[in-house]
Each structure stands twice: as C-alpha cells, then as structure tokens.
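Attaching a single structure in structure tokens format; questions to follow.
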Amino acid sequence: MTQQYAKISEYTPAEAMVVYAARFLANFDGKKGLIGTGLPLVATQLAKMIYSPNMVIFVETGQADANPKELAISIMDSRLTYGSSWQMGDPEGLYPLSRNEIDFGFIGGAQIDKYGNVNSTFIGGDYNKPLKRLAGTAGAVDIGVFAKTTVILMAHQKRRVCEFVDYLTTPGWMVKKWPEGTLVRREELGMRGGPGCFISSMGICKFDEGDKIMYLDRYFPGITPEDIKANTGFDIDVSRATEADPILVDEIRILREEIDPLNIYKMR
Amino acid sequence: MSKVVSLQEAIQEVKDGDTLLFGGIVEDRRPVAAAIEIVRQRKKNLVLLGTCSQSGDILVGGGCVAAYRGCYTSNGAFGISPNIKRRAESGTIIIDDIGHLDVSIGLLALQAGVPFIASKTCIGTDILNPAYDNLSKVAEVAGNKEMLPNKKYVLMEDPFFDMGTVQLIPAIKLDVCICHVQMAGEEGTVRIDGSLAFDHYGALGANKVIVTAERIVPESYIRQEPNRNCIPCTSVDMVVEVPWGAHPGQVYNYYDMDIPFLQEYANSCSSQEGFDKWADTWIFGCKGHEDYLDKLGASRLEKLRALPPYGYVPRRKGGVK
Amino acid sequence: MSKVVSLQEAIQEVKDGDTLLFGGIVEDRRPVAAAIEIVRQRKKNLVLLGTCSQSGDILVGGGCVAAYRGCYTSNGAFGISPNIKRRAESGTIIIDDIGHLDVSIGLLALQAGVPFIASKTCIGTDILNPAYDNLSKVAEVAGNKEMLPNKKYVLMEDPFFDMGTVQLIPAIKLDVCICHVQMAGEEGTVRIDGSLAFDHYGALGANKVIVTAERIVPESYIRQEPNRNCIPCTSVDMVVEVPWGAHPGQVYNYYDMDIPFLQEYANSCSSQEGFDKWADTWIFGCKGHEDYLDKLGASRLEKLRALPPYGYVPRRKGGVK
Amino acid sequence: MTQQYAKISEYTPAEAMVVYAARFLANFDGKKGLIGTGLPLVATQLAKMIYSPNMVIFVETGQADANPKELAISIMDSRLTYGSSWQMGDPEGLYPLSRNEIDFGFIGGAQIDKYGNVNSTFIGGDYNKPLKRLAGTAGAVDIGVFAKTTVILMAHQKRRVCEFVDYLTTPGWMVKKWPEGTLVRREELGMRGGPGCFISSMGICKFDEGDKIMYLDRYFPGITPEDIKANTGFDIDVSRATEADPILVDEIRILREEIDPLNIYKMR
C-alpha cells in the first residue's frame, strides 16, 4: 500500500466508517473476535487483509478461526465455512463468548446511547406495535454480555446516537437490574467487559474511565466536532477530540475492488 | 425401514397450532420448499421458534403464524424480514424476543433432556423486561400448551461459583422440527455440510422431525462414516427428497444464493398485496416443488451450482453477477 | 502458528495439583503414552476427573493422583481398574462418585460456559447422599481451588415444567485436558474417528489442552473439511505426534486392543509391587515412547493394525487370537 | 434354529442367564434400548441375531442404532461404531435417556435388592474404605432414572440378591429422598420407569404390581424354587413361579461359535 491520501469526495461516509473500523482492528491482531452480521463483516474482511492478518475470527453460526476468501453476504454464508478450523452450529459458535474466550466483539445496531447500550430490536412506538421493527438480538446481546470489549459500528445520526436506547438489546455501561429495571453499572450485576469503542460515519467515540459516558475521541477529515454535536442526541463531550489520520487511496481501492466488488453491502 | 414420503404427505403431519423450528438460518439451508408447502396447505396459528428469516417469513406472509419467539427477524443483507416487519409494526403478530444464546441454550436443554440451564446471557437487558414478556400470549395461541414453560426465566444467585445473579433458561420444546439438509439416508440418517445452525439440537428433541434433503442415498452408504453424520435416524420421522429445496437461499457444497430472487422477495413483500402477488406466482401458481423448479428454469439454477472445493460460487468465476 | 512440541515438553505443562481430564474412555483412545510420561515426570496430587480406566489407572498406580471424581473405575472386560481398586480399598485415595450423565452435564456446562444445569439425573440414589459427599476433600487437595464448585449439588423445584425436584449440577472445570486422537493439524485442529467420549466437551473448556495424535498433518489439509473436525485449533495449546499413543488400548481406524498386554496389566497390578514391576519395565525402563514401541516390537504392533472398512481387527480374519 | 433342547450339563449358569436374557429381549423388537457394559452386551448381540433383529441399540459412548458385526469387548469398542447411524460421544449417547426416548435399559451390577435397586459402586466396609470397590455408576444410574423399564442381569448369590443394597447406584422401586435419605416410592420423586425384570443365573424375577417387591417368576431347568430361596438374601416369594422353557442347543451353539468364540466374557 502507498501512503497516498484519498480526497473526501472520493469515498462515502459508510466507506469511511468501515476503513476506520478496519484500522481500529489492528489493536486485535492475534486476538479472538466474534464478528456480527452486516458492516462488521466487511470491516473485518478488510482488516484481516491489511491490518490484522492474525486476528482469529469466530462467527455465531459456528465457525472457529474462519478465513473467508471472499466477503460473506450474511452470518451463515458458505464463504465462512471453507478454510475454517471447525464448523459446528450456532450454539457452538456462541459458547466461546460464554466461556469468556472472546477478546472483542464487533457489532452493528440501529441505536446507541451515551452509556454504549445498543438497540437492534425496535425503534419508536410500543414493543407490541413498534414504529420500526428491527432484526432482534442475534448475537448482539451475547457479545455485549460476554466479550472482553465490544466495538460498535453505526451511522452517526441524531436519532441513532441518543440519551437512552428505546430497547436495551446489547448491554453497555449502565444497564437494567431486574425485576425493577433500575439503572445500575454493569459491574454491579457481575458482568465483565463493556463497550470499548463506537465507530460511526463521522468519528470515533470512546467511554470515560470514570462516569462511563461516551465522548468524542476522533473526528474524520471533513467533519467537525460541531457537526458531530449537531448529529448526536445528547450533549456529547468533544473537548478531547482530535482529527483522525486521513483515509488512503489504497484502503478505498481494496475495499471496492477486492472486498465488495459487487457492492452487495451498498456502501457506495 | 424406509421413511421416505412425499413433501405433501410430510407437511400434512404439521398441525395447526404446532410449535415449529426450521433448520438453517438467515438464507442458508432454510427449508423453503417445505415452508411453501405449509402455506399451500394453509396451516394456521403456528408458533415459530428460533429465527424468522427466509423460510419463516414466507410462513408469516402466508398467514400461517400466530406467534414468534426468537432472536432474529432479518434476511441478512436483504433487510429485515419484510412480512414479520409489517405484521410487527401493525401489531398483528405476537413477538417474544429472546437472545441468540437463549435460543441455543433453550434448545441445548431440549437436546440434553434437561428442564433448564443457568447463564448470565441476558442480564441487564430488555430481554428480561417484564413489560415485554409475551410468553403467556404465545402460550395462549399454541395448540399444545405443554410446549411452553410456566415462566420466561427465573433469576437466582449462583450457588456454585459465586457468579452473582444468573438467569435460569427453560428448555425450548418443539412439536415439529423441519430441516433441509444436503444428504439423508432412506432411514433418516442426516449429513450436513457447513453450519449446523440449530438443526443438530432441534431435530434431536422435537416430537416430530421432517427432513427434506437434496439427495436421499442408500442408508448403508451414509453409514459408512457415522462420525460424519449430524442427526441419527432414530430422531427422524420422515424424509423427503427435495432438490433445490432451500432456493433462493444457499446450500453449502450444492448451490449459492439466488441474489436477484432474494432481492425481488425483499422488494415485493413490503406490503401484503406484494406478498400475495409473489405467492400467486411462486406458491399457488405452482402445483408443487417440481413446478416451482421448472418455472425458475434449469439454466438459472445451473448458474447457482457450487464450485468445489469452495462450496459456493466464487464471485470472480462467473455465477452471481 | 505451529503448536507442535515433544511429549516431554507438553507434559511439563501439567502442574502438581492440577484437575485433569483424559480423553477417550475405558481402553479406547486413552492417552496412555501421555499418562506414562506424567508418571515418568513424577507429578503429584493430581485430581482425576471423569473416569479412571486405562490411562487414569496408570497415574493412580504411579502415585500421581490424590483424588478422583467421576463415574467409572473399570477397565471394562479386563476388570475393575486395579490400582484405584487397591487404593480405594485401603482408603488411600479420595473418591467422589458422580453419575455418567453428571459428568456429561458438568462438562456440557463447561463447554457452554454456564455455571450449572438442572436434571433429575441422580434423584433417589446414593450419589446425592451427604454422607458420601467428598467434594470438599477433593477441593482440599486441588492446587487450584476455583476449579471445584462450592457444593456438589443443590436440589430445587422445577419452576418451568412441573417436573418436581431437580438437581442442579455445577460445571466440571479443568486445569488440563489431554486427548489422544487420530489426526491433528499442526495448529491444533483435531479430527476424531469413533466415539468422541468427552473430548469434544473437555477440550473446549479446559484451561490447558494437550493433544497427542497418531498423525500430525498440514493444517491446510485438515481444514479441507471443517465439518469433519471435532476440536478447533483455537482450543488447543500443544500438539504432539505420538503413534500408537493409546496402546494397549484401541484407536478406531488405526489399531485394535492388545488383549494380552491388557490382561497382563490387570493381573500384575493387583498389588503395588506388581504395578511397580510393571512400571519398571514399561515406564522407567523406557527412555520415552519410542523406546516403549521398540520394546513392544514392530511385528506385535503390526498384528493390531485396523482393517478397513471396519476400523478394528475382525476376529475371524487374523489379528487377536 | 432347530427346537432341540440342550442338556443342563451342556451349558454354564452364565450362558443360561445370557440366553434367557436374549429371549426376554424379544419383547423389545423394534424398541429402543440403551445397553450397558458386560454381559448385557453379549445378550443383546445374541438377541439381535435371533430374537429381536429390529431392536434399536443405543450405547452410552454415543452410537445411535448400533449394528456391531461382532461382539464388543467394552462400551467404547470400535466394533460399536462401524455400521451405526451416528457416532458422537458419551453425552450424546446418554441424552436419549434424559429425553425419555429409551424404551428399555439393560444393565449388570454387583448387588440387587428386593426393590430392584442395584449397586455397582462398593460392597462392604465403608464408602471411604470399602471391602470391595466396584466400577461406579457408568450409565447405570442414568438408565435406572430415565429408561421406561430396566432389565437387570446378575449372577444369583445370597450376598448379591439382598434385603437392601449397600449403595444405591441404580434406583429401583423404593429409593432415597434427600436430604434425609427417607425411603420413598420412586413416583414420589417424580421418576418414571423402574425395574421390570431381573434375570439371574437361576431364574427370572419380577416385581409385584402392588408392593413392588421382587418375586420369582421363572426358574431355570435344573434349578428349584428352593434353590433360589436358599440363594436369596431375603424371603423371596416363589409361589407364582413356573419352570422356564429349556435352552436350545442352537442358542448355546450360536453363543459359543458366533458371538463369543474367543470366550472374552469368560462365560464358560
């Protein structure tokens, strides 16, 4: 790869999000990740190719150390089987989480709140008659409970990055203690892990060590902290933010030509 | 003893109100032909377990499903499963969301013959929210009430390893499990390639198990390697040969997805009229599965055939474009 | 990344006081060469889990085992495992009996990462007799106390299906799992033929996993059929090539039992002196496994080689007589 | 097979036990049985050959519908794998029991009492220093708890057929309710099934429908009810007993020539 930077007009926000996510995964080279469906599959495929070749990929439909030669279309795509060490089913794909073996989980979602709780179940209206019904938990609840850290990928929009999720699918730092539903810190329920990083279409957010509230860590080239404030549903702290290193021409080229040549994931 | 029957005969054994698990997941190894036959036979009030993607969503569109308990209502890259989405948003289907490990552990309990298993699976989340607990509504519509537990979960302190509060997860019981697989022996022994999804749990514990297979082979052949088999003949009640039985989904080592068909389904079914029109063409407009295949056409199917050793159609070598 | 090491190196990773599960069962696919190396390295105070048959009994005879928790202390047709029998009858080993489903379910909990599972497994029997509950004695000798649960079991009423009193069975945790298998890739992917015994549960949950294999093959070869593999490389720490590593037991598709050797072991080991003499010949009288094989002699081993397609030596076609 | 009878001197008590057991298994043709180690394996092999060819055999090391071409030496013998429908491990071999699929379990043991409780753990002395340590539970406890009926095979000796077992491994009709250890009928603990038949080296015993106490149903040729009373550790009811049909020459021939030609099970 050459170090030539791409112009902002040469890629889409979705592509930026995926490229920065792939870069972030360099932190997990040699580590074990459980990868959720959607854009996380794309970013992982890109990362494995250029930034973290020794990342060990688990998928919730039961592949261990998956090495897909080409991008999977979904979470049970045949492409995930060929070249893997072991192919069982969904339960065996998830047990590495409950056995506390998974270093990082990587998920998408429809809504994230300032505590890093993620919603992929429904938005608006009532549970029994939602405005917008979503995919449901899939492995997102399990990743959020058991992975040592969780990376979240989602478009940055005001209604998506909010004060508190409409439905708490994936537990973040402040969760609900039942039967009352009292908000408590996750440690209080004996849960380890927690969200480490939220990579959006505008920047990278992390969570304060103390109060566990989301803050802006990096904003992407062409985006200002003010843009992000305007597109966030709560008063996000942007005081610690710096600009992210620009995207490389080669990153976009590989993403378009090698990873998703058919634009299956509609990133462009 | 041969268990081979026709698809029509097999599906006649599915009763209104049955709790039902389909094998496979998303658009892989889904028993789509079986789902279409269920709609054709106009079954009612089924309780769908596990996930609602390609095959399940056809049932929902066809008006066969009263309730759904599971963890995934999406057709993957092709969007939220359109029929259940529409029914959910109009409040005309009962949904009881649980987690993916919940489904796994509930079916594990079924397979192992145990009543419940403890885990921290959904601690802290709205899965445990009593306001969203629709289990009793699901039980109301189920034909066989014994299939559903008295409670969705119980919280207790772990007495063994000081893990704090854990959730007791009851077994997921099944009247019927329908799996589509690559190969079955005529006595019912099943061999699966690629992800087993939940098939190897569900089929072992369901009261009635229907297997549709790309190929039925002599039982003596499939028994040459017992270690390679995934469901024993002793757990299977009926076997049906249904080539391309998961179309438009994929079957590892046999064929890949029919992407235009999946996209057309996603686009058509955002309205009930759209689904009904789709169903007129692909369900009621076909006398049976052979008719469906002829309507698709042999040349279209040939392009989907998996390439060894990959088990799918590599993008750079023709096939889906 | 290659995980291939020597048998000596691998066994050095077993620590005094470890809780240990051997793969295989009775005299089939037991890691006998590994057990012999453990005795040779004079490990102490091990806690043996699961069963105590061929490989476990050698450890007991060699003075490596302080306690045993499991369901089977027999070498099958060759009689009660002689060393543990003698130690039990002289009150010099701690035994905590549990059931076969208890072991299965305890290891299932380990594999699934859950703290406990409910069953009616041992209701009504002396397995639940508090007077025979030696769990705390076992925990006393274990090096890593966290491997053992706070209690042997808890009784409670089933809240979900009105099954009455059920027994909560805690996970069986393992410091080390040692499996002998037919084939492993150099990165640790394992393929097993014949019964998986508990290997596919134990190896997935143990803190340290040592695999001895009849053959180590290129990882790329064993990955050509992921559905045929039984333990993923991600769960394996060390791989050792040990041909005939389960002798005098059998390995499906590789070799059958050495019946005279098994009978000689059974006869010799009724006294400690008898075991010590046996050990002088077969453990301390050999520098390592290759020496052991040379002492047995190639022609003796050749007679044990399994015949395709059966996977054993049929009685009517030569072999064991 | 011809109907020619064998003389009593032409077979051993162990062979008689196995032959009568094989005949009894004719009741389970087409049914599912979970077969324990030892002589039950031998009787099952004989039964499958001549009396119940459609019996479906499960083994606790994970074979479904096993069809061994020759007699297995132990419960995980390779001979059980070849020709079976499915080969997994011990847990999967036992789950058909806990799923209540098994029509009959078939076990040996070292001691049986008048309620059909079986002991295969220790005899005499104390649990922590027994006079005689045995094999432990293996699947015997699981079979006794879950099989719809249990068939037990054991040599008939006064110390083996007793008032109450030294250790209750396999639950019969009167079992222990914990934590107190009170003797109760098994139904009281929500247990189904129970012992159906005890086939010994001298005769066949069943259990009274009412009080669930063992009584003699058949005595083998050459054995009298009085012999059995003398060899039983409690006052067994022999009033309902009749003599069993004699053993056939062919049964013994097949057992010796086809089933165990090498006398691995030391029946002669």
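When the chains are written out, they are named A, B, C and D in that same order, and each has its own residue count from 1.
Operating definition for what follows: a residue touches a chain if its C-beta (ideal position, glycine included) is under 8 Å from a C-beta of that chain, and two chains touch if they have at least 3 such contacts.
Worth saying up front: this structure is predicted, and the values here are computed from it rather than measured.
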item: Mutual neighbours - chains that touch subunit A and subunit D alike; value: B, C
item: Chain whose average C-alpha position is farthest from subunit A's own; value: D
item: Centre-to-centre distance between subunit C and subunit B (centres being mean Cα positions), rounded to whole Å; value: 38
item: Inter-chain centre distance, subunit B versus subunit D - centres from mean C-alpha coordinates, in Å; value: 41
item: Whole-Å separation of chain centres (CA-atom averages), subunit C against subunit D; value: 27
item: In subunit B, residues with contacts to at least two other chains; value: 104-105, 108, 112-114, 119, 163, 193-194, 227, 309
item: Per-residue multi-chain contacts in subunit A, two or more chains; value: 63, 81-82, 87, 91, 95, 97-98, 146
item: Category of the chain touch graph - line, ring, star, complete, other; value: other
item: Every chain pair in contact, whichever chains are involved; value: A-B, A-C, B-C, B-D, C-D
item: Of all residues in subunit C, those that touch subunit D in their complex; value: 24-29, 70-74, 76-77, 80, 84-85, 88-91, 95, 97-101, 103-105, 107-108, 119-132, 134, 155, 163-165, 193-201, 250, 252-253, 256-257, 259, 306, 309-312, 314-316, 320-321
item: Subunit A partner contacts - residues on subunit C that touch it in the complex; value: 1, 110-114, 185, 187-189, 204-205, 219, 223, 226-227, 229-235
item: Subunit B - residues contacting subunit C, complex; value: 104-105, 108-109, 112-119, 146, 149-151, 154, 158-163, 166, 168, 170-171, 192-194, 224, 227-228, 309
item: Subunit D residues touching subunit B - in the complex, by the definition given at the top; value: 32, 54, 56, 58, 63-65, 81-87, 91, 95-101, 146
item: Contact footprint of subunit B on subunit A as seen in their complex; value: 37-38, 60-63, 69-70, 73-82, 87-91, 93-95, 97-98, 121-122, 125, 127-142, 144-146, 167-171, 175-179, 181, 186, 189-191, 261-262, 264-265
